[in-house]
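After this come two complexes, each holding chain A, first together with chain B and then together with chain C.
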Partner chain A sequence: MITLNRACTRARGCQHLLIARRRLSQSALDRLAQPVQSYISTSRDPYLNLSVEHYLLQKSAPESTVLFLYVNRPSIIIGRNQNPWLEVNLALLDPVPQSQPKTEPAGLENVDLVRRRSGGGTVFHDEGNVNWTVICPPKAFTRDKHAEMVVRALRSCGVERSRVNERHDIVLDQGERIADVDPDDTHLTPYTRRAGISEIKPLKVSGSAYKLTRQRALHHGTCLLSSPNLNIIPDYLHSPAKPHITARGVESVSSPVGNIVLSNEHFTNAVRSKFDGMYRSPKGTEHIEVGEDWLEHQAVKEGYAELKSREWTFLQTPQFTISTSADPAFTMDVELTVRNGAVSSGHLRRRGSAELVDLDKHSVGQRVHDIKSWPETLSHMFAGVDSAECGRLGAWFERMLPAQATRRRIAE
Partner chain B sequence: MGTIVPRSLYLTASTRLQTQLLQSIPYRSLHTTHHLNIVKPFLLADIGEGITECQLIQWFVQPGARVEQFDKLCEVQSDKASVEITSPFDGVIKKLHYDPDDMAITGKPLVDIDIQSEITEEDEAKLAGGGDEEGAGSAVRGVEESIGEREIRVEGAAGVDVAEPAVKNPGSQPQPERRRSSGKQDHSSLATPAVRHLTKEMKVAITDVRGTGKDGRVLKEDVHRHVAQSTQQQPTVHTPMQKAREVNRKVPLTPVQTQMLKMMTRSLNIPHFLYTCATDVSSLTALRKTLNISASSPDQRLTQLPFILKAVSLAFQHHPLLNSSLDSTDPAKPQLMYKSAHNFGVAIDTPSGLLVPVIRNVQDLSIGDIAAQLRQLSEKARDNKLAPSDFGGASFTISNIGNIGGGVVSPVISEPQVAILGIGRSKIVPAFNEQGDLIKVEELVFSWSADHRIVDGAECARCAERVKKLLEEPGKMMVEMR
Partner chain C sequence: MRRRRAALEKKYTEDHEWIDISSPESASIGISTYAAKALGDVVYVELPTVDTEVNKGDAIGAVESVKSASDIMTPVGGTIIEVNSVLEEKPGTINKSPEGDGWLAKIKVTDTTELEGLMDAEAYRAFTEEVEDK
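This part shows the complex of A and B:
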């Protein structure tokens, strides 16, 4: 079966792919074995882009170095081991407009929630943000290497305030020019202020995350070029449940962010150019377009299905405990411990009394993202609580661990 | 990875386990001598970045599972990285030290493996968590997988890593062999445990044996043939000497040591001369005491070092030669660069060894600023969080071993700098004041080393004396401050 790459619209970098259903074609195999490979996605689907990225990590030749660039439609990407209830305001994701809490300016419709396979914190992706990934052999890998490459790319576009900071993120220094520095130093700009002198916090424009396997090292990062959503991102990434949850796991470190103000195309060309410079391949690097036809590769298809599944998104959450004790409005403390996204234990205690009502054992294993109605679930969980109280507690839990939002139909 | 993949891997592992269990019976009966079984804890290797703990996300094995070298053991996560950790050798999993979601500590046991064969000292080092480069915790270096077309084509079960050599059709091979390219770097990988045991018994080095198996693997016949061909015939009796561990231990150099080796070898070219000068720091100590009374917290207290750094910087305004750098890349035309920025490298003793992070532009910093930066750097160094941006670009170095001890020291200049200052520990010594009375004085010895190709003794002495005067009467520093 011969399928033309439907997404190929540009003459430059275009390649007609011979794809047989399920089997890797010879040309795809050849490409994955090339010492230097460069891909760019034409799809805005975050599930597809992350699946392709994972596929490249697993299937590209161990000695090869791979660049992959992609842009996602508005979506929130949480780290491998993060807690979506803690990191994200899930209620805002509900595509049903009337039940959506008000944000100023108005929120977006249909923001996807995706758990990626690399570590790190939560980020907001949209069309003004370009994601870059470099996969290389572990012995050539350092955490800064490709962040420095991207800074060189930015500087070649005139963004002289950009540098790599100690956390391997890319930041823009603020304030006025202080000193001359070595222009080749990607960790210093003429605007960098040393600690001790009055510090103006730099603006973060790119965050890094990594996935390391025995044979490959993957480093990917965002790059905020021209996001129209900077003002509402904080609303999405602020969860009302945060003060009430104790959890283990990596928390996001929040930083003030800003747009670089650069076009996607300008940036991607600069990154490719720096990549080509670093990894000069004898044949010249062909930049290959990736589209939805890649779903025809079995591994991509399965990875895609996994990323979209609610099990992956919610059940990979490390253990956490949520409790009403910090909220003064109630007369009783309810505490639930959630393990692997399902309730594992809990108790209820009337304030002022020492008596504990334990969680009903039939409720153990209740998946939080499957809960349809909190008042009803709570009445099953704890004996001897009247419906009015279940209603009040239920409303609170609904705000903290929204049931409707997690039931949303995932946009195809 | 998600819930789907580990299950299929586990199935494959358990199928393999069954196959191996079935085949392990005839396998074991070949051994007539006592087989050495050791249960060793596999430590969580340093993942880099000074990370001391990371969270365990999921296990890919359970106690009792038989693993081969490079099988995935678990996935851990540290701040930004999720890392797959693979087994350093063959064995049986005995104990998992953490549950999912627990924080695993670097350098502490992660999992206990019953190693089913004798291991070399190289492997011992791996058990000690020898991997300090970025990458998964399996510290086997120099063993490359040769990926040919056929390996990429193997898609196998759902989403299985091509990079995962362990997944293969169970029962297809009679012995637990591993796929390896025929590099001779990692000797232990060229043969099965049975063959390795045989080479030890025969007192043959495996590198001497030419392997005729797949990928150059050494088989038992090869060992026997080698022994027959060589003139040495060793008895198969185990002597106690054979089992004894050598007293000397060969270890590779740590990254810090490697760097030191490189730098100091270069420094051999520099003709050093030493100038020492004992400085009376009693007034300085008194001043510090007064200032520290009003310090807001214990770690805001000022030590001697910030004052010394500032004094040296003030002195360098008059003696810029000592802050210069020698460019001798062209031996015919050496050039001297006078540096305007006083970037002082401060040698710090850290858990990984001697590191020299840099405080930049000391000429523009107040003593308080310098103290703050020193504090920050030593915290980072303690936590192993020093970044590459903290190093490099030093025009002069100060090495303070005062917290350890020392009187006179002869420090080594690191090129392209032309001088270095070493400071020991101050001590109370007897001295005479102007009236001829015996008084107690706190003395600190400053040891200056300078490059005699550039700096002559007099210039160095003048600079040293200026620093001494500034510190003996700290008021003089105020006069010079900009």
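This part shows the complex of A and C:
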């Protein structure tokens, strides 16, 4: 189970290590040309896993079909065109500073925030969730094909309530058995309720998203097997800023979720088996382990750096406007428009007055994720506002668009 | 008469993009009706930046629909001189009028010989029918 690179770091001498790296790169290149490829990650790093996935999308042979399975440590993954301030409770994400005494946390420490390259909404990943990716030629692509494959895998593990729904997600039908259905139909189970019958909502266990390039089609999805965090996920995915933001881009569609209750190993073996059945290659498909050693590929390393960057995470945000006008607590309204993650315009107006104070031109271009103190920033943004008012407004903006220095832990 | 003239001005790629070649100094680019239907409801459009120099086949933007981020490629090389900012506020314009108001960008074509390899409306129609039959 140890990758070639890890074995060599324990060996004596750099020479051995260099040869091992070269060998790994060459065989990796050969594999990318194979008509059927299957990979599984040993890393829990979401930035690495998504970079490897993107590398496979860009470098695998155009006619090939590729499976990639990976598990991430606790992280929130937003879609390509989403707004992190709107979708995520950013104040919960900061790690507990080492110097502070530990209190009993209600939630998790160190949850990563990652913007992926495919579309769709926001999901929470942890070790009880397995991610699956299939990359194929555009001619062979449909939005349901590989969700159906995963449903067949789940059913082979005894999960007979699973089916693909109209949004290309995988759900578990709830309630009693209603009717016999064609067992080969992956869009229907014996528990599926028809429209009109008193509704018990199915539980979503897998969400899908896609990335379509000129030569390749990528479909990836989650699979909630045994997450220990279901009860706190809603806290992370509920942003206090939501009622106060008007945004372009893509909003998440919320669904009730549940665990399938299956081991990661059982699931990954079943998916591999169904994949092998669909794409039987003459030699049989070798399932290759992928780890941190893949950072040696320049393209993976560059993709990793980009995904980790605050520029990618925050500056890719579609235009939005935030306003205090819905909050009755203030005597003045402040509105800011943020374009490409930086303040582009804004104004302040005392309630009851028609007079507008425009955003100071020196504040145009202020990156929201770089703001260290909202009261100070507001005092620069708008002339003639006293420090007490800047303090009050600043505290509000701090709650809505948390600044670097002053995030709170959940326990406080 | 007018419709026939419009058909002559547009050329198409196998990736389902169109380019209006009536003025190569400022040629509109977009995606075909066929592509817009296949994409589904467009909810977000990522437009290129003005003054960007591109080669034929480069991704010049992307469109999101049904949880899919789809690259849009340029049919020819050149410089982007204008983008359709209406799409920032109303991305659905691509679905309503993919070959009209839903144009994505205007490009100053560098090498007009690249236009020669593209399909005319008739050839593109035949191409899409062939794709459907497969």
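Simple rule for what comes next: the second predicted complex is superposed on the first by the 372 of 412 C-alpha atoms of A that agree within 3 Å, B and C clash if a C-alpha of one lies under 4 Å from a C-alpha of the other, contacts with A are read in each partner's own complex, and residues count from 1 in each chain.
Everything that follows uses one rule, which is that a residue touches a chain if its C-beta (ideal position, glycine included) is under 8 Å from a C-beta of that chain, and two chains touch if they have at least 3 such contacts.
Small disclaimer: the values here were computed from a predicted structure and weren't measured.
Trainee: Would you mind checking whether chain B and chain C clash or fit side by side on chain A after the superposition?
Mentor: Clash: chain B and chain C overlap once superposed on chain A.
Trainee: Pick one for A:Gln298: touches chain B only (first), chain C only (second), both, or neither.
Mentor: Only chain B; A:Gln298 stays clear of chain C.
Trainee: For A:Ala179 in the superposed arrangement: first (chain B), second (chain C), both or neither?
Mentor: A:Ala179 sits against chain B, while chain C stays out of touch.
Trainee: Could you figure out whether chain B or chain C reaches more residues of chain A?
Mentor: Ranking chain B and chain C by residues of chain A touched puts B first.
Trainee: For A:Gly341, using the defined touch cut-off, is the partner it touches chain B, chain C, both, or neither? Pick first, second, both or neither.
Mentor: In the superposed model, A:Gly341 contacts neither chain B nor chain C.
Trainee: Between chain B and chain C, whom does A:Leu315 touch in the aligned arrangement: first, second, both, or neither?
Mentor: Once the two structures are laid over each other on A, A:Leu315 reaches chain B alone.
Trainee: Taking the superposition as given, does A:Leu32 touch the first partner, chain B, the second, chain C, both, or neither?
Mentor: Only chain B is touched by A:Leu32; chain C is not.
Trainee: Have a look at where A:Lys59 lands relative to chain B and chain C in the superposition and call it first, second, both or neither.
Mentor: Once the two structures are laid over each other on A, A:Lys59 reaches chain B alone.
Trainee: Could you tell me if A:Ser118 is touching chain B, chain C, both of them or neither one (first, second, both, neither)?
Mentor: Both partners, chain B and chain C.
Trainee: Thinking only about the overlay and not a real complex, which stretch of chain B clashes with chain C: 22-30, 112-120, 238-246 or 310-318?
Mentor: For chain B, the listed stretch overlapping chain C after superposition is 112-120.
Trainee: Touching chain B in one complex and chain C in the other: list those residues of chain A.
Mentor: Residues 79-81, 117-121, 139, 143, 167-168, 208-214, 248-250, 318-319 of chain A touch both chain B and chain C.
Trainee: Considering the complex alone, what residue numbers of chain A touch chain B?
Mentor: Where chain A meets chain B, its residues are 24, 29, 32-33, 58-59, 61-63, 79-81, 117-121, 138-139, 141-144, 164, 166-168, 179, 182, 185, 187-188, 194-197, 208-217, 248-250, 298-299, 302-303, 306, 309, 311-312, 315-316, 318-319, 339.
Trainee: So in the complex, the part of chain B that touches chain A is made up of which residues?
Mentor: Listed in rising order, the residues are 1-5, 47-49, 55, 57, 70, 72, 77-84, 86, 100-103, 133-136, 138, 141, 144-145, 147, 149, 152-153, 155, 158-159, 161-163, 341, 360-361, 365, 368-369, 372-373, 376, 385, 387-389, 393.
Trainee: For chain C, which residues are in contact with chain A within the complex?
Mentor: Residues of chain C touching chain A: 15, 43-44, 46, 57, 59, 62, 64-71, 73, 88-89, 134.
Trainee: Which of the residues in chain A end up touching chain C in this complex?
Mentor: Contacts found on chain A: 79-81, 117-121, 139, 143, 167-168, 208-214, 248-250, 318-319.
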